[in-house]
Amino acid sequence: MKIKKFKNKSFNSTKSIHSNCGVFGVYNNPDASVLTYYGLHALQHRGQEAAGIVSCEPEHKGIKSKFNIHKDLGLVLSVFADDKILTDVLKGTSAIGHTRYSTTGSGDNKNNIQPFKVNYKDGNLALSHNGNLTNTNFLRNKLQNEGTIFQTTTDSELILHLIAKSREEDIVNKLLDSFSQVTGAFSICILTDDKLFAVRDPHGVRPFCFGKVDNSFVFSSETCALDIINAEYIREVNPGELIMIDRESVTTGKEKSFRISEVGQYKHCIFEYIYFSRPDSTVFGEKVDKVRRKIGKNLALESPPPVKDNEEEKKIGVINVPDSSNTATLGYFNEAVKTNKDIKHEIGLIRSHYVGRTFIQPGKDKRKMKVKTKFNTVKGVINNRKIVVVDDSIVRGTTSKLLVELIKKAEPKEIHLKVTSPPIISPCYYGMDFPSAEELIANQHDSNVEGIREELGVTSLFYLSTEKLLDSVPYSDPKTGYCTACFTRDYPIQIEGLEKMKKEQFDD
Amino acid sequence: MKIKKFKNKSFNSTKSIHSNCGVFGVYNNPDASVLTYYGLHALQHRGQEAAGIVSCEPEHKGIKSKFNIHKDLGLVLSVFADDKILTDVLKGTSAIGHTRYSTTGSGDNKNNIQPFKVNYKDGNLALSHNGNLTNTNFLRNKLQNEGTIFQTTTDSELILHLIAKSREEDIVNKLLDSFSQVTGAFSICILTDDKLFAVRDPHGVRPFCFGKVDNSFVFSSETCALDIINAEYIREVNPGELIMIDRESVTTGKEKSFRISEVGQYKHCIFEYIYFSRPDSTVFGEKVDKVRRKIGKNLALESPPPVKDNEEEKKIGVINVPDSSNTATLGYFNEAVKTNKDIKHEIGLIRSHYVGRTFIQPGKDKRKMKVKTKFNTVKGVINNRKIVVVDDSIVRGTTSKLLVELIKKAEPKEIHLKVTSPPIISPCYYGMDFPSAEELIANQHDSNVEGIREELGVTSLFYLSTEKLLDSVPYSDPKTGYCTACFTRDYPIQIEGLEKMKKEQFDD
Amino acid sequence: MKIKKFKNKSFNSTKSIHSNCGVFGVYNNPDASVLTYYGLHALQHRGQEAAGIVSCEPEHKGIKSKFNIHKDLGLVLSVFADDKILTDVLKGTSAIGHTRYSTTGSGDNKNNIQPFKVNYKDGNLALSHNGNLTNTNFLRNKLQNEGTIFQTTTDSELILHLIAKSREEDIVNKLLDSFSQVTGAFSICILTDDKLFAVRDPHGVRPFCFGKVDNSFVFSSETCALDIINAEYIREVNPGELIMIDRESVTTGKEKSFRISEVGQYKHCIFEYIYFSRPDSTVFGEKVDKVRRKIGKNLALESPPPVKDNEEEKKIGVINVPDSSNTATLGYFNEAVKTNKDIKHEIGLIRSHYVGRTFIQPGKDKRKMKVKTKFNTVKGVINNRKIVVVDDSIVRGTTSKLLVELIKKAEPKEIHLKVTSPPIISPCYYGMDFPSAEELIANQHDSNVEGIREELGVTSLFYLSTEKLLDSVPYSDPKTGYCTACFTRDYPIQIEGLEKMKKEQFDD
Amino acid sequence: MKIKKFKNKSFNSTKSIHSNCGVFGVYNNPDASVLTYYGLHALQHRGQEAAGIVSCEPEHKGIKSKFNIHKDLGLVLSVFADDKILTDVLKGTSAIGHTRYSTTGSGDNKNNIQPFKVNYKDGNLALSHNGNLTNTNFLRNKLQNEGTIFQTTTDSELILHLIAKSREEDIVNKLLDSFSQVTGAFSICILTDDKLFAVRDPHGVRPFCFGKVDNSFVFSSETCALDIINAEYIREVNPGELIMIDRESVTTGKEKSFRISEVGQYKHCIFEYIYFSRPDSTVFGEKVDKVRRKIGKNLALESPPPVKDNEEEKKIGVINVPDSSNTATLGYFNEAVKTNKDIKHEIGLIRSHYVGRTFIQPGKDKRKMKVKTKFNTVKGVINNRKIVVVDDSIVRGTTSKLLVELIKKAEPKEIHLKVTSPPIISPCYYGMDFPSAEELIANQHDSNVEGIREELGVTSLFYLSTEKLLDSVPYSDPKTGYCTACFTRDYPIQIEGLEKMKKEQFDD
């Protein structure tokens, strides 16, 4: 069956505003908020639009604790520019943090910045969430009909209401009760007056890891945030697992584990390996840089570089798009050079260090300007030469077009664009900030690669196949699987209203 | 019975953070937020710690509207320093605003800044509140036990939950249902997607007025905010009344009136006349400046100025504390001069225009510095002369002591301090930001005026009697009465836990 | 000769940007910059557009000192909002400060904010200037031709160049040499590495006083800044005097005095008494409040209030425009009431405390908005009654028109406007920020009071005569005289280019 | 002769505060300041402490122009965060910009931010300077003795004074006269009311290029700033050349060239090739990336990587320090792999994109924190393996020590550190921000490489020889030469006081 163009403009209602984000939590450390600050710094690539920390200060007299909060729009560096916020305001021995990356439009809504901090019957509660719930409308309607008011437009707020409304006695059962009602993708830190929880959806869509430093417990979206604070990586927060850290954990050195669901099929987001996670992190049980090199290798096997036309011709330059395709390009080159001595790994694009990651800046116009100021070509490397450019993905095509335009000014003989992912034809409903189907260039072209090639204006264009992509990632466990919906439209977790809409789209 | 010292340190729990504040609302005006901005400006004296506006923009397509919000710590002038906020962000044809004045400590909590804006089953909801609820703990416990989460520490948030949870069908009944559950003092504006409501507690503790400008409807804490936008004063929002303005009101030019309770005894805050309201406002049906002059007159009758010891002596200077006692001093002087030609009205204290109202700045140290920089004496007026200083009230005594110290540097012969209110011996639980009983100087001295006089260091000290105070205010309606609890400890509206505590304090 | 309309549009070139300002200096105090901060606070009414402080920190090792500086646009309160600037940045034992009030347009130029701080052959030099030089063009051309570069557009910078270029050996002679070259109005503080100087023009146009607190020496534009820091007023800085404070002064407790010119005729700015100086200050050797009351008294003698038409009529209300005419109104009322028992002193205008002084805010539109939000009427006082309004001056007429408009909304029977100054018909070239002649309403009407009355829309209008104004000010010294040029066009100090222009205007 | 330790602590007086910086200028473009903004963005790596732009707006009537200025501490992105500054404030058709990088301590002095803008006899003048003058004290003393005042502590201000004081008639001769008096390193843009000048010192120490876009003329420190605005590279501003662009240039399309000195020996800063310039720039007539690869190649020839101990051992990992050694590492690897198949190019260090360039952040403590948050290791690449790290230089050693510490946590078998420059043993007096000699690790160890190796804690340490470094750079012109003083203490341009001091140090 040929996959047809997918129109989902009217389908935005279920899409909540927080998309890929970074979460972090620490328990039992006198510098809890400072560690969280560094952790958020390491997770900055997962969201540079807003950042926040909630710390918990155990009260000297009573049982209950004092929760402190600071959050704002901006990079971690600027939100916490005043050192005193960490030392004087965010006092306490446990803390959770969040770094946010939102879709266009709602991005400026200060109310939606996480962590959220509320008060309920049993005390304080704070929450940081990475991922996206998929039964938001159902839950929101249900809660509203019960007389609930909402102060944000996020799905994360729903969880807080579920917890507060749960009729279970203790907090663990309240959480198990609450998470049994939500579907979708979530890696969540929850801070209470005396405990820290980490919970991950049954499919393990987003990464989530658990570590320790001295006698402190740490949770983080990626392991790179453990490294920055010299924490030891212990293990993943397992899909479907709820981990509790309390006073007893400090004594025993052990976390307590609960299950929010039976063990099911894992559906890790394969795009975390392609682009989102940092190469120095371990996610889904494997080092990202290793997977990314394998991806590059497989790309070389599927689509090797061209050869020289004659002896006089300069060697073919294999260039990376810094820094997102650095590792994959190395993998591509090392494999390709085995059979093709005509190629040379070159630095053909220079990136300015003073502007952020393209993918991450919401708003179309801003993205355009960033690309203009972000890269420059090394003309001597590109000029009058065949060039292989290894890039990680093509979403709207806007960035790629600007990049190709830029490279062409340096007058290469040919541009061969090799992409380390299959064509992206469908939006993500599990937390990745892809645009609507209609904005995706591969969907616009009905996955017709030749049409895309022509639009981008390159000599050749090759996308890694889904098969080779899956071959690049670890399959150690029979339960382990991946979500590839953005390439295949095969959505593993049910999404409200999607079936009905797909029916309308594809059954005619 | 001698009134004994009153200790209420442990009684802070029921005291919520917003105290005297200004509220404002406008319906059916293309410049709704600009009018609100000016209105808040005129109400700035009711709270200079934070300010905010929520505007409602009727959507072009659907039924529901878009709510816009901007609020922050600071004066109205600085919160809306960027003009574009009013024109580009706060678009819409209706709006409500709030200017806040909070007690020490919680003042910095940005979460507590009003108006509050939430979303519930039937759409958007925003609220501005002046006053204080007195069954907060009861309601909060009840709501928490039903699984409600709280994002602020204010009593105002409770009202939003009650509305959302009401099982009544339409909004009017939801409001009547909700307000039947709360006790205390409240003048509240509520904005929905297509209506504006004003509601006032059955006792009419805080002022609240209703006006019109062209075809627009306006609510405001005081009439001075009607004046600034050239609106016409129509009438009070009556105690126990709920006024609704909707599309139909625009056509008919009429508001719709409902009652949240039967008509009972009015208990207007008499301190609004003494100090809080602006002299150019009409509150509780009477011009403030008129009442304040009567108060001055009565003070002169009770405690006339001294006479000269001999012919050579300079005339006795009657001086006001600018600007809070200006009007009362005029009343005092005009009465006193009838029988004592030895006196002269003088300007003996100069006030800097670049610092705010003493009473209003939270934090003890800040208050001290403000006084130092706020007044200066006119030495030629004070030096070597008997001085009568008319002041409005003595709370902690800190400000008065600094003022006396300042005046003494100009070396008067005598200082006679006349106060236009009785001794303040008990906190306010209805929205006035008085400190705890233990901090009140008159309570510390068991209302022993001689002791207070000695502590302040003045030649003589006189407080207006409660009888003469009540004689100064209008009594046109048999239902009309006043709350004088801060002078008498006679709290007209029940306060949670107060009875029990009073019992412990006074029955031994 | 009838004084004709005066056109000076093309005459702006000689008018430098800093106009009336406040200067302050302190020597030998561990908290020099804190005292200066308070001093500037007290002088805030002399300029609310920008503020700055330079402090001098004697170096531990060498002879030379370290100069620290902080200045910015805004009120003193906001420029030094961060306390640490005073304690951590502006360290030292001597300091000078400046608060600025500039004409429209150049007001935003940050470069022009004082104090200026430079380095020259003999070390550091900082300067604060109140007044206006009148041979600016001559000096600027001369200096430019010698190869001097200018970093500001102020006349004050010229003085620094003159000092640095002086061929005299020691600093005193350099200063005497420099000030012998400038004409105009100036009250200046100069700070060097080890000395503090105060210098005032030979005519003493602007006020300047000298005081002491403990063993510290203080200079200030007005005495109210001595009061705020509890300093003792010693004497005026005399016209034509240069006072030096150095290490030896600390030992002897004595200042050293030099003369920059022979003793000539004093030409104090009479407008300082009418409006600019604070009533609690002593300037030109007399208490401002005393002079201002005498002005009010003389106004009452020249133009008493009306009488009642019949017995039933309410007493005529005499109202002040707060706070600028408070003192004069008291003087007016006390004199008038002697012969007219039909009048009553009333508070008919209420002023908001959260906006600045009208006169002081540059930019026409801003001024308009400020008036709208600044005053409100007390309707009960004004309604259906004859009103006498005592105001200090009418410049453009804009403010007066808005005020009259406002009062009329309260529907008085009549408005009698009494002005405590003669008609302002000519600009000030000595530091007062009056607009060009063409903008002055009295000049527009060729001093025809009836025409002005009609334009303002009042029942009657009366300006104090120049004779009675002069009768109100002290004449203790035969040398003492006043500049009344703004009322008489009689400019006592020569102004570049003025003669030529006047010739063109008046000789035809 | 053995080069002994060099103590220059007392020698700081001649060192002025601006060090390596970026300059930019554009003439005849309606978006002059926007182009400058983008140009500064591309030059951000040359100074991230402060940024500024002066634009020139030709007046509609007269001959003279209006100069506008905006400058502040911070990155280009934040200084011009408000778009309106570029469009509404910095209007005009010509502009110059500056991005600053200063030494510790003086960095916070706002006065020193460039461009400087002044007014002198012939009109406006603005200046941006990269480099360092070496006869600063002589000039400053001379100027001060002539009565000049200084508002900054920079050497750049001296040039403005020289121009204004020159007795030459026209601006070109004034400039030739002025630059004949200064020695040292300078690449300078000067803007006048109707002309733009570029001038470079006779030795061409700092880079400076000239380009065109449409009919506009552009000057820039590096060619990467031409690329960002799509300007065409025309040629270098030649050493000793003064280029003038005026109205006539616009017509003819030609610049006008003058000489400030006879053609002498070029002394290009070789460190621009090693570290400072961007790899995509062309400086001193050669592509930086080409030179940097040659440097890497030569390093490999001098110091090849180790071989495997046995077959089982993993391949030796050659890793770059991102991004400063990326290009050189590629050159090193490509050469080394020819003879050693045991090596593999790896990405072993990941750099965060949200913090700036280490070298560039003044203040020791800040530098330390930046390194901690800037890099992370890819553990799988480093663990249990021999590692060759190619780095560009070792200055204090602080950064290198932290880096080695970080790598060691990933537990490599060996760390071989290869440095693409010789040991830095002596400060730069021509504009590079090296610390004093005593802080240089190589100077501390008397260039004893074994001692440094031990201190850093690496298996082996190798510095590129000066000979091989010189072999890597272009020698196309006999006049072309390089300054290598930081490696050799052979200072090609005379420095005030240096000889005397060197004598004291080395002749004993």
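A few notes on this one:
Each chain gets a letter, A, B, C and D, in the order it is written, and its residues are counted from 1.
Just so it is clear, contacts are C-beta pairs under 8 Å (C-beta built on N, C-alpha and C of every residue); 3 or more make two chains touch, one makes a residue touch a chain.
Note that this is a predicted model, so its numbers are computed, not measured.
At the subunit A-subunit D interface, residue numbers used by both copies make up over half of all numbers present, so the two copies contact each other through mostly the same positions.
Taking each chain's centre as the average of its CA atoms, subunit A and subunit B sit 50 Å apart.
Distance between subunit A and subunit D, defined via averaged C-alpha coordinates, is recorded as 37 Å.
The centroid of the Cα atoms in subunit A and the matching centroid in subunit C are 62 Å apart. Residue numbers of subunit A whose C-beta contacts span two or more other chains: none are found.
Under the stated contact rule, the graph of chain-to-chain touches is a ring, a single cycle where every chain has exactly two partners. Chain pairs that touch one another are A-B, A-D, B-C, C-D. Residue ranges on subunit A touching subunit B, taken from their complex, read 117-121, 125, 144-151, 153, 160-161, 164-166. Against subunit C, the residues of subunit B that register as touching in their complex are 38, 41-42, 44-45, 48, 75-77, 224, 227-228, 230, 278-280, 287, 289-290, 322-323, 326-327, 330, 334, 344-347, 350-357, 372-373, 376-381, 409.
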